[in-house]
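One chain, chain A, links the two complexes that follow: it is found with chain B in the first and with chain C in the second.
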Partner chain A sequence: MHIMEGFLPSPWWQIWWILALPCIIYGFYKLRSILKENRELLPLLGVAGGFIFVLSALKLPSVTGSCSHPTGTALSAITFGPWITAVLGFIVLLFQALFIAHGGITTLGANAMSMAIVGPVVGYYVYKGLDKINFNFFANVFIAAFLCDIVTYCVTSLELALAFPATAGGFVASFGAFLGVFALTQLPLAIIEGLVFVVIFKYIIMLKPELLIKLKVLSEEKMKKVQGEIEE
Partner chain B sequence: MYYEFLEDIAQTNRLRDLHPLIKIILGLGCILISVSSQSIVAPLIIIITISFATIFLAGIDFRFYLKLLLIPLGFAVLSVIVIVFMRNSGQILFSYPLGDWFLLTVSYGSLNEGILIFSRVFAGMCSLFFISLTTPVTETFGLAVRCRIPGEFIDLSMLIYRFIFVLIEQAAQIYNAQHMRLGYGNLKEGINSFGMMAGALFINTWNAAENLIMAMDSRCYDGRFAMPDDSAAMSFPLLCLVIVYLMVNTGIAVYTSGFVLFGVAY
Partner chain C sequence: MKYKLEIITVIAIIIFIGIFLYTDTLVQATGEEGWGGSDGLGSEMLEAQGYEQWIDNSDYTFTPPSGEIESCLFALQAVFGGLLIGWVFGSWYTERRLKKNPN
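Up next, the complex of A and B:
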């Protein structure tokens, strides 16, 4: 994730910017309406954004034009939904580019597309779907966090492969190559991230359960059931 | 900490009192030119001039600057190697069989492309560090306000910026405490400790954030931070100088677009 400044050649960085912008603007309108309704959420949104920044700044080298790190988007994707997460992720990526030269301005569109938009969207809808069929809450959080992370990397590989198709085998070959190199560092990292988010949610449920009820992540009866599970 | 350190430098460097617009135009302009350049000449010129500006005009310690650059450039080298092996075209430089079916090949074409991409990344890094080392965050926000970026967006950004430091500071404390109590002895304990830390951090910071908003509300916060506009006066000769510099660079990039290091153009 976090394709470096200057790494994507000319048609591609513009294309990803154009694709990412409408999602961010839509997210911004959602954010505005939510804040109008309930201004108490502003600090919480700020904290969730800071959280994404800190988690996704822990990077490990990987051989593919970027690096491996946890994405940290699952928490805000599950609690606020994917579109608001898109705005938070965009701000975080902009900060990382401007303040610690991690990512870049031209590649911001591509990075936002993978980490702030597609990853959380997939994670969130899978979470919602599994939630409907009464799947175990913690297993569900694990799957959502795992997906947020792994999908981000798949999209990054796709972006890189589209920009740099291999001479022999074209797009498919280089997509496979990028995915393969990423998987080495990213699969274990995604599993760890999933587990970490399960522990995070466990602590939030133990210490501040009213937060999740207020944000309609869990209904009250479900919360009681989950709290019962923790006590066991 | 590393992050606070960058912000300290941005607040104390010699270009601190320059209008932020000039610095940002210079940085972004250089990034755009180096990304669009088809040869390594323009990025090389940008690397040299921007580094010169950062080290001598802004007065950043040379060794510190080098250390900052070394981390991202390490990543860049690794990534460019993949490109070099995958994008072969033109005359073959060498090939090395890896096992029975896999052939590692490097050709002049891919080598040229790899070097071009590396020079773009290098120039981009230098320009980004120029912005982050000379422009304090508050001035960037001030500029954003004047560009009519919606207030909610800026407020949220400022809150996120504030909480990054709260989070990092508390994380360091909790991590040290956990580490001293052998919280990271093995992987399972490590995951548990890290999750415990992250959960506690989230809740703690959230509490701090609610207190902050309450404090601001009682001081008539209405969803918009007041921004003191204390940035320096605009200097038009300097702005013109920056624009001329960017135009010269663009000219160089266009003029040298056919230049390649090895063999004929790919």
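Up next, the complex of A and C:
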């Protein structure tokens, strides 16, 4: 999903920076206040950030004959919400832009928008919506993680299509072409990522269920039900 | 079943690897070099349209001079993430075990 350095012309890279920056600043503010209230959450934050680091370093082969990487933002998005995820994702993308030449400083705004902001926002609100109608917890985590991943790549396609509308067919044709490269490759990876996060949530529930209740990921009654399901 | 979720995930990963091995035979048969990054493919599409990159990472920092160095940096990235995850899960596990069985 990295748009390579120099591949977004003006004014697009500035536009994405301007849109991404307030989200990241708001995320910093939220991060500070949540950690001030609750030092216990620091290890979970470390784990959430750790998964973004690990999964976004894994380039996996996919059905289209090219490689792509998962985003790993789901744990952070579901537990801490999309704004704190924006900060974590931004740090990972900055590291990759400065040291590994994946993405760059000018395209960082656009890359942060796709991986650290829009993907997690969609995943988070879908999770919350399905949780309200009492959807099965693990199925819900799978859907949210799947969306965090695939939406990221759809946004990347959108960003490139807006900057480079095709001469024949314009924006729509261009969007379709980029979706073919990014989203199609991503589909199997997003399914695997969804399943991996389901297992991770299972272990967190086995070890530290109180953190998930504190962060309102699950209500106390629902937690009891889910714990029952695991032990069966 | 206690390990239902793990089993589903492992089966999905095995299918994923199977698909890779099958696709790889097709890619090898074409004789072209496959398995490039989709990031690069997107950029190649733009270059094919005549777009020119206007700034490069090496203009202000650093581009890994070889594939080995790049994979070293990627491995380091994953190591730091993995260390953090392992350490936290390990301490949660110990904490829980001590609570259940204080000796």
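Heads up, the rule we're going with is that the second predicted complex is superposed on the first by the 218 of 232 C-alpha atoms of A that agree within 3 Å, B and C clash if a C-alpha of one lies under 4 Å from a C-alpha of the other, contacts with A are read in each partner's own complex, and residues count from 1 in each chain.
Note that in this section a contact is a pair of C-beta atoms (placed from the backbone, for glycine too) under 8 Å apart; a residue touches a chain by one contact, two chains touch by 3 or more.
All values derive from a computational prediction rather than experimental measurement.
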{"item": "Joint occupancy of chain A by chain B and chain C, clash or fit", "value": "clash"}
{"item": "Partner chain(s) touched by A:Gly6 [first = chain B, second = chain C, both, neither]", "value": "both"}
{"item": "Contacts of A:Phe138 with chain B and chain C, given as first, second, both or neither", "value": "second"}
{"item": "A:Pro22 touches, of chain B and chain C: first, second, both or neither?", "value": "neither"}
{"item": "A:Gly170 touches, of chain B and chain C: first, second, both or neither?", "value": "neither"}
{"item": "Contacts of A:Leu207 with chain B and chain C, given as first, second, both or neither", "value": "both"}
{"item": "Touched partner set for A:Arg39, first chain B, second chain C, both or neither", "value": "first"}
{"item": "Which superposed partner A:Gly129 touches (first chain B, second chain C, both, neither)", "value": "neither"}
{"item": "Which superposed partner A:Val47 touches (first chain B, second chain C, both, neither)", "value": "both"}
{"item": "Touching partner for A:Glu231 - first (chain B), second (chain C), both, neither", "value": "second"}
{"item": "Shared chain A surface residues [contacts with chain B and with chain C]", "value": "4-7, 9, 43-44, 46-47, 49-51, 53-54, 61-67, 92, 95, 97-102, 104-106, 164, 177-178, 181, 192, 195-196, 198-199, 202-203, 207-208"}
{"item": "Touching residues on chain A, where the partner in the complex is chain C", "value": "1-7, 9, 43-44, 46-47, 49-54, 56-59, 61-68, 92, 95-102, 104-106, 138, 156, 160, 164, 177-178, 181-182, 185-186, 188, 191-192, 195-196, 198-199, 202-203, 207-208, 230-232"}
{"item": "Touching residues on chain A, where the partner in the complex is chain B", "value": "4-10, 13, 28, 31-32, 35, 39-40, 42-47, 49-51, 53-55, 61-67, 75, 87-88, 91-92, 94-95, 97-102, 104-106, 164, 166-168, 173-174, 177-178, 181, 192, 195-204, 207-208, 211"}
{"item": "Touching residues on chain B, where the partner in the complex is chain A", "value": "2-3, 6-7, 28, 31-32, 34-36, 43, 68, 72, 74-76, 78-79, 81-83, 86-89, 110, 117, 120-125, 127-129, 131-132, 137, 140, 150, 152-153, 155-157, 159-164, 166-168, 171, 191-192, 194-196, 198-203, 205-206, 209-210, 212-213, 223"}
{"item": "Partner chain A, residues of chain C touching it in the complex", "value": "1-2, 5-6, 8-9, 12-13, 16, 19-20, 23-24, 26-27, 34-43, 45-46, 49, 51, 53-58, 60-64, 70, 73-75, 77-78, 80-85, 88-89, 91-93, 96"}
